[in-house]
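Some structures are shown below for you to check.
Below, chain A partners chain B and then partners chain C, in two separate complexes.
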Partner chain A sequence: MAIRVSLLLLVFLSSAVVSFSLYEDQVGLMDWHQRYIGKVKHAVFHTQKTGRKRVIVSTEENVVASLDLRHGEMFWRHVLGTNDAIDGVDIALGKYVITLSSQGSMLRAWNLPDGQMVWETSLHSAQSSKSLLSVPINLKVDKDYPILAFGGGYLHAVSAVDGEVLWKKDFTAEGFEVQRVLQPPESSIIYVLGFLHSSEAVVYQIDSKTGEVVAQKSMVFPGGFSGAISSVSSDKVVVLDSTRSILVTIGFLDGDINFQKTPISDLVKNSGNAEILSPLLSNMLAVKVNKRTIFVRVGGEGKLEVVDSLSDETAMSDSLPVADDQVAFASAHHEGSKIHLMVKLVDDLDTVLLRESIEMDQHRGRVHKVFINNYIKTDRSNGFRALIVMEDHSLLLLQQGAIVWSREEGLASVTDVTTAELPVEKDGVSVAKVEHTLVDWLKGHMLKLKGSLLLASLEDVAAIQEMRMKSSGRSKLTRDHNGFRKLFIALTRAGKLFALHTGDGRIVWSMLLNSPTKSEACERPSGINLYQWQVPHHHAMDENPSVLVVGRCGSDSSAPGVLSFVDVYTGKEISSSDIGHSVVRVMPLPFTDSTEQRLHLIADTEGHVHLYPKTSEALSIFQREFQNVYWYTVEGDDGIIRGHGMKSSCAGETADEYCFTTKELWTVVFPSESEKIISTLTRKPNEVVHTQAKVSTDQDLLYKYVSRNLLFVATVSPKGAGEIGSVTPEESALVVYLIDTITGRILHRLSHQGCQGPVHAVFSENWVVYHYFNLRAHKYEVTVVEIYDQSRAENKNVWKLVLGKHNLTAPISSYSRPEMFTKSQSYFFAQSVKTIAVTSTAKGITSKQLLIGTIGDQILALDKRFVDPRRTLNPSQAEKEEGIIPLTDSLPIIPQSYITHSLKVEGLRGIVTAPAKLESTTHVFAYGVDLFYTRLAPSKTYDSLTDDFSYALLLITIVALVAAIYITWVISEKKELSEKWR
Partner chain B sequence: MAPILRSTPLVALLVLQISLLFFASTLPISSGSEDSYTITGRVRIPAIILAGTAIGHAAKFSNIKVVLNGGQNISFLRPDGYFTFHKVPAGTHLIEVYALGFFFSPVRVDVSARHHGKVQATLTETRRSLTELVLEPLRADQYYELREPFNVMAILKSPMGLMVGFMVVVVFLMPKLMENIDPEEMKRTQEELRNQGVPSLSSLLPASR
Partner chain C sequence: MDKRKAVMGAGRRWAVDFSDQSTVPSSRDILDPPGFSRVSPEQDDSATSRQKKDAEANWKLQKAWEVAQSPFKNLMMMGFMMWMAGNTVHLFSIGITFSALWQPLSALQSVGKVFEPFKDNKVELLMPKLVFLALNLGGLALGIWKLNTLGLLPTHASDWVSSLPPPQEVEHSGGGFAFH
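The block that comes next holds the complex of A and B.
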């Protein structure tokens, strides 16, 4: 009997071994994935042939993609390396997409239908210069015109068929800057125009077959050029002189150079400095003067005349040939809540081919770029479609006065993420509309049962999948019991806030940050960081939670900061203010006022700190804790870490009573000749630690050293700060430190000889895990350091506790010298890493998983048990029971534990975790060019039934049991009766 | 510069899938000027590994990336599986291949300055050195758990099934066993047990009769 019971127990336990994997039909149940491309820089339409109409775009996220013009979906996409920015994109031979990248040194051809790379050519480059790509529009397909690519001081002619370099020409002469490469159609001469020392115009004529210079002409222009250039036709360009007040037309017909000067004051009255805008218009140029855009036509002899002027906020497209050698261009500008799109003929600006007004969301900002394309309507007239890029980076296709599709490309450049709760379900509001009748419910569960028994047909499977997607109101806009529904607030580089619903990833609201003063200098502040400003849960339940967005006017760190407070429920800005000082560091303090607004300190460049919110209540709270506020600064370039404390109110200097002066408490200076700081990290301030102690196998207690004031610092030898191939093992060493940020005491130092960065680390509870490169083994390594408190180690005796002879009640001070010891262990890891995060749960009970963002843009969940310094080669029976895994030299990469399963988060930059209310579960949000969200249960959902749980099976079992009981009861009654009769 | 094969992607893919014995000829691994070199290699997915994967990930050649030194350079594959890194200085480098559905070992690549950019490659996971830079996946990755097909034995083997089975045994077989035992003998054993004072299942069973 006993054996049998234990056998049963064993079977039961072995089936409960944790696994993290996903079945294929569970994809999309808890996770969602959104694919983006980023802000579009160039767009080329491909609509000539019948079949799929597409647009090829290149973006600021180094993405080249082919989009469906009908719906805006992606056909294919490639994300190039971070230092491989795309300079130009075009279509060659009608079947290849040509991209020029890496400052004009890399030319690639992609197959237009499927995006397969066809050829790749590295171009010779010697210096940094502007890069130009010119792909001939060939009308005869059989004739192979070369692609002209200029970059790095060299002009290359490359065959479009196989990428072979036909010839190259050196333009690296000192002081010579190539400005334009022009090839008149149907001509074998290429004109290369450049400026020598910005004062001499030089035109080379090059034979397009051989690359030989046929003729070279130069002419000195006394005034000097300012650089901006606009080519108006195949033999004329217009430049500004160095004073930016005279337009110079340079004609180089047949190789002869001539200049023609036209002062801008002749064109416009009271003109200031002018600026040539980039669009390519034939025989015309656009100049920005006095905050207006003027169109200047270039006459046959280089005569200039103003033909039109538009408001400053107008975006223009390049010119586009429409039928019968007419050329048209589009312009778009904002007026109120509408966008006015106009397409005009270049030759005759009074002929408006298209005039459309489209209602546009205010939070998209202004139009930044317009690309147009024409098509022939059924009545043989010209129709136009316009692709526009807005200020918030979104991409829209306009056609026939309507938005055909739009893409929120701002989400490709998320810079900071925070979470927010949804509103509580109110009694008056009925949400039960989605619940259906009992019969439907049972039917659904019968289907699920069929599915789990694998008896379902294909249609059933589809029905189950659909039901799951819709089920349980996962996209409702109210808080749920388990905390699965939440908002992720994301700040993008364009300064737009997005609230994403965890259930289905849709955008609940979005908001473009505005400058409070609407001043000239700071019309649109750039967002830096997001903080949770007000999270009401105790006293201020009727207040809406809000987030604080810290922004900056301009890119310089000393630029004045802007604060904006945004209501999370509505997405409306509550208030915003110009704070009048710079923002170096924002420190959320662990105090809140009576309305649960969190106190924040903002440090500026002058060494002062400013308290927010500026209320007397906040001030009184802060005064109480004045002596206990410390912070540190890291000066990475100098290798110095400084600790600061509060000194006094800076009332002496300014009348601002919320401003405080600080004093320097300590400095840690790393020797600059041997150590360079490459990474610093602290614990997440809101992390919850459940237990202070850890019970080891021999009934011994280990106390975790849990301190919020620990700073992890990694330094490498200056030589090893570069890329992997650049240093030998002898020259490089990696040193990591644990520094107490209150006293500046170095608690632990660990050096790895022959190792180098980049270091990616994660710090949680009492441990740090970091990833670096080992040059000797030529492999990546992961090291774990766990910190334990020695001073409380004697408290494990029960009698001491009973008799009160313990020091548990002794005050813990950050000033006292901590007695601590560390344990560490290193393992090999077979992949490069982009970022590491750790799961976080509500109470910190659930075991942790490391989330490793690999360079393949996948996220691997690795159990913390694998990076446990107590792992040994042959764990004892007791250790095995505790869950200690035998030591291996490398960490396992189990394909089933990729939480992104068969998806990629292209261009992965960061992973954010947030606890759900249910202890076992954690939210994971990863951002990069793509967005990915999933819910994880590192130790399985031990505290709730899974979505898969078959209630129908349970019901059937119960019903069957009841029926069995009844039947057996009847039978036994009968039997008893018959026995009694006997 | 590597020779560029002018073949259509389809043909090349087909050729690849038949595990490519023809291409085992010598590879121009590296070339270049004095201080910077070019590394050329090839990614090949043998038919054996390819066969083990779902058709979904297989043959997605356009999504394979080759990464030099942890992201310093990213290269893409040509239709024939070749990749190239240009302007690589002499030294020891790391090349990784990322393809959804496959696991590749990182490769240690030594570019020798003395031998004009001669390349030596070693797989860091298996410590196997390569004579030519042809990278093959170590295994195919299966990201999903496979659902076990419906199986009566699986249900019976599950803890629930075992418990139910045990119950059935107790309810139906035990009385049968009891019947076979001689009542006299039973009484004797019962008494013995009572003397020992150990309650057992058998002491309870006759009571119900």
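The block that comes next holds the complex of A and C.
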């Protein structure tokens, strides 16, 4: 009977019409949303005397945004698509923000105050080339100077007012690369400088009114040029020659080209290869050589002289005109825990306008970029504010020696996420502290009661809302018994770890993996992935949990790896080690040692695997399971999947006893002319499955084929690997496979003719759901495949099961060749999808929901019941009672089931789910440019009372009942007495 | 309240009992008054009393049979109610089914009590009791059958397998695409 209770409950729940929407006043109770912009590439200040002071930034996440200079808040923000990288941003006419994106083929104007798009012009582009944006500094408002945009081999002059293309000029000639487009102020001549075959400098003079070439000059430079170029004034540029040892000044005054060569060895002794840095300084250039940055002044006749040299770690701003025709620039460098910011005059480097030292968090790393802006102080002197971008991508505004505001923009580029528990509550801290006194508690509940009885006034409603928001320590730093408070550990592209609290999304701690204090062989490891290293429970409770960050000392795949272990409670690095071999794959094993450290295998490029942690205990555990550990590799380019088994310790080659050699066991080769691997997927290793049986309506049993060693592979025909619609339906086919990764056996193959990727899939329990495009129907489709075990289907005798005479819980091996069958069904789906995830709960009893990240950067929760292959057109009464929905050709998109409600997770890249301790509830964390978190209960919270539950009403009812019992008892006593006297 | 009790209980000093239930004169200290006979009236006219007794026994038997058959009515009504309730699990059907189970059970427990009033050495109560038992067992069976049709009895393989966790796997595998 008890067995049935849970099932009964589910039947109850599924028969109810479940709606997942929330009321307006519930927004923000469980969910939080954080908006970011990413690492800033360009910044343009807009600080007029009147009006709000703001800075326009464009970022590496393809965001253009306007920030308040006072507080760092966002006025507006636009996230362009992933393929729409911003090349240049500027302000035109004092009211439009101009962005050039998509390699110079898209020019847009946004209204400065509110960010509305004013116009958009698609520019003609023929080839890929660098793109340049030149917005004239408009001194006279009445005169409309055109915006010059170069990209894709064409130079366009675009009117700033309406975005109309005034003229365009073709520079697509063979071997010609445009390097600079210069427009001297107050001049109608535009200079276009380019290199022909990297050896001939060509200068075109173009009339800015008509776009006609007025003059063309060219001159061959025998040494040849390398790409880097720095324009020092309106008629001079400096380039490096192809050997990177000679600086060449190219003057094109009045159309005459002249070269002036200066070997770098004349400037600096023992110079190596030089590199021209990007800042735009007038009459000066910055060259990086010998790990120092030298400043070279360009004299009137092209003569070069070194004026200053700074350390390699210095970041510099572009030059900024300050009063009296003077030009200043800022430089910032790191020293110890301080940042030194200096603003100097370009003409006279000894004049330091500003020298500030600012205490800076170690975990922000070095300064990457500086942008400065000046303002007039009350004493009529120049004040400077500097916007700096740090190594961890954070953005800070420095003014008057202090950090005015900072933004953690590293969180816009999260690459990997894992979860961690908070510390257990100590005896000293109790909940009573939060609930103050009984009177307050009662007051609060009386208010809630008023609210639920619709008696509350507007002020009361506001008070209730406020009370809910800060209710019962949702942001406390200790574990709660429902498991609602947790940490999400996020690794960002900058190599910084952030611990985010689920309650309010604040950063509990952050840690830069390559903080500048470390001076090891590997100076700047790039973080790759994040693993749960130690999750203590049961017998190792006094240990702190920790995460493993796997990094690499370079971008090359054969570069040596770095392991870093980080304590989750404190955010401190416990240890880090250079492991001396490359990291190609990391495989967490399902074994832990006595301190709950998980065993990990790391494969290197030579086909060896290395065991971590390097302890004898781990080694003995691993040796026990030596024959049962396998690994596989997917070679996407060749279309091969290989399976490997453990062979022996590689003691013969190295003395390392934690290193093992492997042998190849099987290969699956896909025919390269017809199939190309586009997606592979396995189940999440920590997913909990409650039961192995699936009960159908007529009490029939199906045994789920639940295996962690299943690999879902999707292939398309090579022609169809491109954009949707680039092939005809006849040419394209999508084939999906389910492959056992132990034996290499293909368990199932399903082919979709006339279909195309990209494939987004989710694999959970015994089912896979995947999303692709159907070329014939011109629609997206979703297919579900459920896998069942046929070989155990014979276990149907009740008495044998009652007496336990079955082998259903005996360990199974992939070599036993289980017979299996699949059920599948396809549906149309109206939306394009970015990512799919599935909810996960602590025991796996609660029904599941698919979380679909749509193209609109929202997350749609879709019940698994909608993608159930048992759906039929006319389900029987019993099937309906079981919750089977009549089959429809397309999956419904119910607006209320968007869990992001009115918000957007801009640039959505991934969704992570983690179970709470309460079985009904799951944490959902979505990341992209924005972060979003919420708690979901796919079958509603059947195991707890909601926050709205009126305890006061319950209390009052109980008191009233007790009072009523007492009164009636007294009355009955009296009556009895009077009866007796009668 | 306590005061009142004290008045009624502890405040009583003496009492006279006027009732007299004893039938044996020797047990009494005071002799019966002359002319008073303690012999009961039944013994006087035994013929009419026997007739009366027979009638009463008959009546008792009849009543016992009626009581024995009463569960049948119940059974019919229960059956009707169950048919009305349908085969789905909801509050109504569960309530009906549990009352259908509980009624026969409680009746079976109190078989002795039910037939207490008809107890007589002249009345043969075995048959009515058996019928009563049988009918109630029938009711119980009906309840259990209903429970089963509702799917609340673990009579299917699925009921025993659902709680079994998926089997452990012997082999472990990991890997995938190489890191970029």
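Basically, the second predicted complex is superposed on the first by the 917 of 982 C-alpha atoms of A that agree within 3 Å, B and C clash if a C-alpha of one lies under 4 Å from a C-alpha of the other, contacts with A are read in each partner's own complex, and residues count from 1 in each chain.
The definition used in the following text is that contacts are C-beta pairs under 8 Å (C-beta built on N, C-alpha and C of every residue); 3 or more make two chains touch, one makes a residue touch a chain.
Nothing here was measured: the structure is a model prediction, and the numbers come from that model.
Who does A:Gly115 touch here: chain B (first), chain C (second), both, or neither?
After superposition on chain A, A:Gly115 lies in contact with chain B alone.
Is A:Thr633 touching anything from chain B or chain C once the two structures are fitted on A? First, second, both or neither.
The second partner, chain C, only.
Have a look at where A:Gly94 lands relative to chain B and chain C in the superposition and call it first, second, both or neither.
neither
Looking at the overlay, does A:Pro886 come into contact with chain B only (first), chain C only (second), both, or neither?
neither
Considering only touches as defined above, state whether A:Ser902 meets chain B (first), chain C (second), both or neither.
first
Overlap of the chain B and chain C footprints on chain A, residue-wise?
In the superposed arrangement, which is not itself an observed complex, chain A uses residues 1, 4, 8, 11-12 for both chain B and chain C.
For chain C, which residues count as touching chain A in their complex?
Checking each residue of chain C against chain A gives 1, 4, 88-89, 151-180.
What part of chain A is in contact with chain B in the complex they form?
My answer: residues 1, 4, 8, 11-12, 15, 19, 21-25, 27, 76, 78, 80-84, 106, 108, 111, 114-120, 122, 161-164, 453-455, 723-726, 728, 758, 773, 775, 777-780, 830-832, 834, 854-858, 893, 895-896, 898, 901-902, 904.
For a test of understanding, state which residues of chain B touch chain A in their complex under the given definition.
It is residues 4, 6, 9, 38, 56-57, 61-62, 65, 67, 69-79, 84, 86-89, 91-94, 96, 98, 100-101, 103, 105-106, 108, 111, 122, 124-125, 141-147, 149-150, 157-159, 162-163, 166, 201 of chain B that touch chain A.
Under the touch definition given earlier, write down the residues of chain A that touch chain C in their complex.
Its residues touching chain C are 1, 3-4, 7-8, 11-12, 528-529, 552, 557, 583-585, 587-590, 601, 603, 625, 628-634, 636, 643-644, 680, 682, 685, 689-693, 695, 699-701, 703-704, 706-709, 741-742, 795-798, 801-802, 808-815, 881, 973, 977.
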